[in-house]
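Below: a set of structures, written as structure tokens.
Both complexes shown next keep chain A, but they swap its partner, so chain B is in the first and chain C is in the second.
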Partner chain A sequence: MLIFTLRRLNLFFFTMLLLTILSFSLSFLFPGNALINVSGQINASPEQLILLSESYQSESSIVTQYISYLKHVLSGDLGLSMSSQTPINVEIADLLPATIELSMVALLLAMAIGIPLGFIAAIKHNKSADSLILSIAMIGYSVPVFWLGLLAILIFSIIFPWLPSAGQISLLFEIKHITGIQLIDILLSDNIYKWQAFQNASAHIILPACVVAMAPGTIFIRLARSSMLEVLETSYIRAASAKGLTFNQIIFHHAIRNSLVKIIRHVGLQFANLVTLAMITEVIFSWPGIGRWLIDSIYQRDYTAIQSGLLVLSCFIFIVHILTDFIYAALNPLARDSKHA
Partner chain B sequence: MAREKIYQEEEFPSPFLQLWQIFRQTPVAMIGFGCSIFLIVLAIFSPILTPHSAIESNLDMLLLPPSWDDSGNISFLLGTDELGRDMLSRLMSGASLTFGLSFVVVVISLIIGVLIGSLSALTTGIKASFLNHFLDVILSIPSLLLAIIIVAILGPGLSNTLWAIVMVLIPQFVHITRNAVKEEFVKDYVLASRLDGASSLRILRYSVFPNIIEKIISQATLAQSAAILDIAALGFLGLGAPIPLPEWGAMLKSGIDLFYIAPWAVYLPGLAILFSVVATNLVGEGIRHSLKLHKES
Partner chain C sequence: MVTLVKRAKPINMMTLLQKIMVICLLLGGVSACNQEGTLTLSSKSIVYCAEGSPESFNPQIITSGTTVDATANHLYNRLITFQSKDNTISPSIAKSWHVTRDGKMITFYLRKNIAFHTTKYFTPTRTLTADDVLFSFNRILDKNHEFHSVSGGNYPFFQSVQLDSLIKEVEKINDHTVRFKLYRPDSSFLANLATDFSVILSEEYAQQLAKNNTHQQIDTSPIGTGPFKLKEYRVGSFIRYYRHDEYWQGKVALDQLVFDITPSNTGRLTKLLTNECDVAAYPIAHKKIIEHPNLTLEAVTSFNVAYLGFNTQKAPFDNKLVRQAVSYAINKKLIVDTIYSGQAEIAKSLLQSASWAYDNSVVDQVYSIEKAKELLKLAGFEDGFEMDIWAMNIQRPYNPNALTMAKLIQADLKEIGIKVNIVSYEWATFLQRIKQGEHQSVLLGWTADHPDPDNFFTSLLSCASVNSGSNSTMWCNEAFDDLLQKSLKTTNIKRRKQFYSQALAIIAQETPLLPLAHSKRYQARANNVKGDIMSSFGGINFLTVYKDEVGKE
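This part shows the complex of A and B:
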């Protein structure tokens, strides 16, 4: 396990190095002055510019510039947003929890629905239930997420006015910002209308979370199906049935556990996909998350925000990736000895 | 007169032809293949086939519903949008923008990716390890996010979107080619031709490529469906095709404002995207299925 941890840490540092180099080079690739792009101070006076260029060492060699950029990022200074002139780390700290909330709820939803369906398809292999589930999976995988979001709004908030179509919570409720994740904040608060607020917030998250969960959920169906099929063909399952265990006992005691381990390995990769879908869904459902903010900053040519948004979002994705790798290794001793990091 | 077979010659079809013979026997995959051919024909010949102009507006015919509706008009089969442009013609020319361009994008990135991948498979040591880590990092960033960043650097516009998607797809092809070539290079038949004195490039060209082409094509169908969805998503976000062009994602975006009055302007382009992605995925599934059968036989 120690060697495994060291390998992962090595990969982590390498990736962080590449990501920061990428985000550092973006300030040169974007149109305009690199110093202003990296700091976001568009209205700086000549004196301020001199101070800035000292702090980012923009007169020195490229390596020194990169190191001073790294120092700024590590101390939490991501520059000012070009359009609103507020510090970007404050904006991101406000917005990122909303995205985490949406993507986590969607991930849970996708796993809770997709994995059992995949298992059912594998158990009924080559029967009509299997092909039905597979065709649903094919359509769900192919549907464009923005279209699905619009249809969901049309059906569930306009034709049948059951669920709200925009925002994170009704404006009537005032929730104190503690963790930033709304559903947890509500439970932590001591408001007398706590449960109404909780209901309202859950009604707001259902539609966008379902829309985001659609494509990853169908991928989980396929993953669960193939890993279950693989497990059902192994010799220990045959041994179990030779011992005289019933089919249900085999499935619930042996097959499900072993195939779940294989699925967990893919959660990290699916999460990257899911965050992209969440970015588009946030635009449609006016969800106050980092994806909508990032796309807005592209419209406004807010290069500092794009640069830092990319860095934060890809770090977040990568950390989740590494975490799922660790969970996988903790559950599956075989994975710890693999040769490649 | 048919030529008779004089010699008892045994035919050995190439791996690609063998795959095609298995592929032909799955009806669902053939339906997908037929739909893809239909879309390709539509993409090439849409300027001749469209009944009306896709860009010119017709102010007498604003927001006509599809012709099966009571107030519809049969000469505008699928209705018109808010500027009186015929939906059918726009959808047909959209095929050449969304589907046709995604095809071009995949072909370009396939060529570049396979070249880099097969060259990198021949190198070893620190260079190869660096490339591997670099690819891992690039592949861990979601394709659409990367495309959005590249569009932000290049500026919005259709051609910039296409270059962005080409760059996003290249690492996938590099990765799959590299792994496939490495896998083949340790096999005995490669050793045999190496003993015959063939150079690495010659082995790559005559021995390895015919055996890995189906893997690359199967990856290409995945890339194609991702490319269609990405082009449409960027068009929807207003970063891709500019307003008058009938790109499906951009059409969907312009339909949103009149969503309640004219829902067909939203659901028709969406259906078109869904149709083309499903067709591509069916072909991909068929190829992977026949690859599996081929391996087992």
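This part shows the complex of A and C:
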């Protein structure tokens, strides 16, 4: 396990190195002054510019500049947003939790629906239920997310007024920002309308979460199906069946547990996909997350925000990826011995 | 190995599955009970879907309608205000006022016990006094005032009405009496003080800010005397107002007023249809809203006018008869039906019927081809002629589509043998060239800053405005100008009305321009929202608004 951990940390270190180099070089690749791009101080006076130049060492060699950039990033200073002139780390701290919330709920939803369906398809292999589930998965995977989002609003908000179409919670509820994850914040708050607020926030998350969950959910169907099929082919299942165990006993005691382990491994990969989908969905559902913020920044040519936003987002996805790897390793001792990260 | 795996998994998997189950149940159960749940809170609150973010929380330093809507009537009061019914000036912070005979001194007697907002950032120790009034106006007038240059030192509305060259001094007589001394009498002065821009700020709050050296906050963290106080503002997202419990006109019915900032037209419509906002500004898809059983589309005639202006210094429009002939040949009803979808008032004169100076007896040119032909014959243009109409290619509040309007006029004038060419330029160039008088005729309009009729006459048709460039007809009539001056020198509404009636008659007679339409301002609301929000002039107001929950069932 120690070697496994070291290997992952090693991977983390080098990936971060590459990411920061990329993000650092972006300030030179974007139009305009590199120093202003990296700091976001568009209204700086000449004196302030000299101070900035010293702090980012923009007169020194490129390596020194990179190191001073790293120092700024590590100390949490990501510069100012060019459009709003507020520190980017503050904006990100405000918005990232909302994206995490949406992605987590969507991930749980995708797993809760996708995996059982995949198992059913595998158990009914080559029967009509199997082909039905597979075709649903294929359709779900092919539907573009922005279209699905608009369709969902049209059907479930406008034609049938069941669910709200925009935002994280009705603006009438005043919820203090504690963790940033709305559902948790509501439970922590002392608002007298706490329970109503919780219901309202849950109603708000259903549509966007379902839309985000659609594509990953269909992937989970296929993963669960193939992994279950693989497990059902193994010799220990045949042995169990030869011992006279009932079908249910075989599935619930042996097959499901073993095939789940294989799926866990893909959760990390799917998470990156999920966050990308969440960014588009945030725009459609006016979800106050980092994706909408990043897309707005692109529209407004807010280079500092784009640069830092990309760094934080990719860093976040990578951390999740490594965490799922650890979970997988904890569940599956075979993985710990694998030679390659 | 298999056993190892087995031992590690059961706990993990079970808890995971349990969690999933719990969340599914929660999500499933929630939607059903949701509507009932928000009822108690939402019955005392209004969500207003606004079209944009305010630039500031102080109307003194802005002119944009969006900012006025979002701030003026909720946070502040003025000395005097417009009564919404007939737009006459009525008391507000000042319970009464007195104008001296020469019109140069105006004394305001302030109400006592008007409380300022108590918020997290300010706790007032006294009620409103003359000092607050002095502070609010001196900030604008006195260039050396400590707060004058905070937020840039620009007060666009007050600069445009030249308040600094009108007010000699603002004097405190006692704690609840203020006197304005003017250089010359000006009967639109009171109207200017009653606009949404002339708000009263707290002097005590300003002192506190000055002490902490945070002057800037006076415009971003507002303190006023209005029916609501600012609780929270998130840029580009929402404004949250809470009720001001010590409001001097009595508590308002709403606990909370939220401005949901939704710049997208379809976004506002969706939120309205899904009940996420109670009232929406500038709605699209009017038909859909009218057909919807739970929604109401409202409109008020706002103080604007769209007109066809003739360049009276260019042939053939230097001839009064030609101007009249063209006026008779234009079918205003068709224009209103087509361009404004029938949702505008057909303009009889520059003033709409809501103005106090409106005179019903003024005769306008009723559509008549025969009369037009007759007049053309009289003018010696029996065989018609060729003319240019300038039309802008952008949408304005008073004219949603000038180019199409020009095409309709083109078709109308063809009937009397006039061939029309339509000319258009980019907006800034367009205005610049009109200023220089290059046009023959132009489709333009005017939105008033306040309901005093002078704002229409002086800006559009006076001799002075020919030079300043806002008079696109280049028309200068001494008798007309004389009437405007006389009207400004008196404060007697009846006499002013007589003067303006005569002025309107001169316009109808001389026809320097042909008023076409007074367009409306739209708003959509859920049926359970009661009370007046829009008035025909100025920003929206939630003072009398409440929710009728029975109506919802």
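Here is the rule we go by: the second predicted complex is superposed on the first by the 341 of 341 C-alpha atoms of A that agree within 3 Å, B and C clash if a C-alpha of one lies under 4 Å from a C-alpha of the other, contacts with A are read in each partner's own complex, and residues count from 1 in each chain.
Definition applied: a residue touches a chain if its C-beta (ideal position, glycine included) is under 8 Å from a C-beta of that chain, and two chains touch if they have at least 3 such contacts.
Everything numeric in this text was worked out from a predicted model, so none of it was measured.
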(request) In the overlay, answer first, second, both or neither for which of chain B and chain C A:L132 touches. (result) neither
(message) Which partner chains sit in contact with A:L6 here, chain B, chain C, both or neither? Use first/second/both/neither.
(response) neither
(request) Have a look at where A:I178 lands relative to chain B and chain C in the superposition and call it first, second, both or neither. (result) neither
(request) May I ask you to decide whether A:V90 touches chain B, chain C, both, or neither, giving the answer as first, second, both or neither? (result) neither
(request) Check whether A:V105 is in contact with chain B, with chain C, with both or with neither, and answer first, second, both or neither. (result) second
(message) Under the stated touch criterion, which partner chain does A:L188 make contact with: chain B (first), chain C (second), both, or neither?
(response) neither
(request) State whether A:I158 touches chain B only (first), chain C only (second), both chains, or neither. (result) both
(request) Check whether A:V275 is in contact with chain B, with chain C, with both or with neither, and answer first, second, both or neither. (result) first
(request) Could you give the residue numbers on chain A that contact chain B in one complex and chain C in the other? (result) 158
(message) Looking at the complex, which residues from chain B come into contact with chain A?
(response) 133-134, 136-137, 140-145, 148-149, 151-153, 155-156, 225, 229, 232-233, 236-239, 249, 252, 256, 259-260, 263, 266-267, 269-270, 273-274, 277-278, 281-282, 285
(request) Spell out the residues on chain C that touch chain A in their complex, using ranges where they run on. (result) 1-2, 4-6, 8-10, 12-13, 19-20, 23-24, 26-27, 30-31, 33-34, 37-38, 40-42, 45, 47, 231-232, 235, 237-238, 240, 256, 258, 260, 262, 267, 270-271, 273-276
(request) Enumerate the contact residues on chain A facing chain C in the complex. (result) 84, 105, 108, 111-112, 153, 157-158, 161-167, 170-174, 193, 195-196, 199-200, 202-203, 205-206, 236, 256-258, 260-261, 286, 288, 330-334
(message) List the residues on chain A that touch chain B in their complex, please.
(response) 11, 14-15, 18-19, 26, 29-31, 138-139, 141-147, 150-151, 154, 158, 269, 272-273, 275-276, 279-280, 283, 294-295, 298-299, 303, 306, 310, 313-314, 317-318, 321
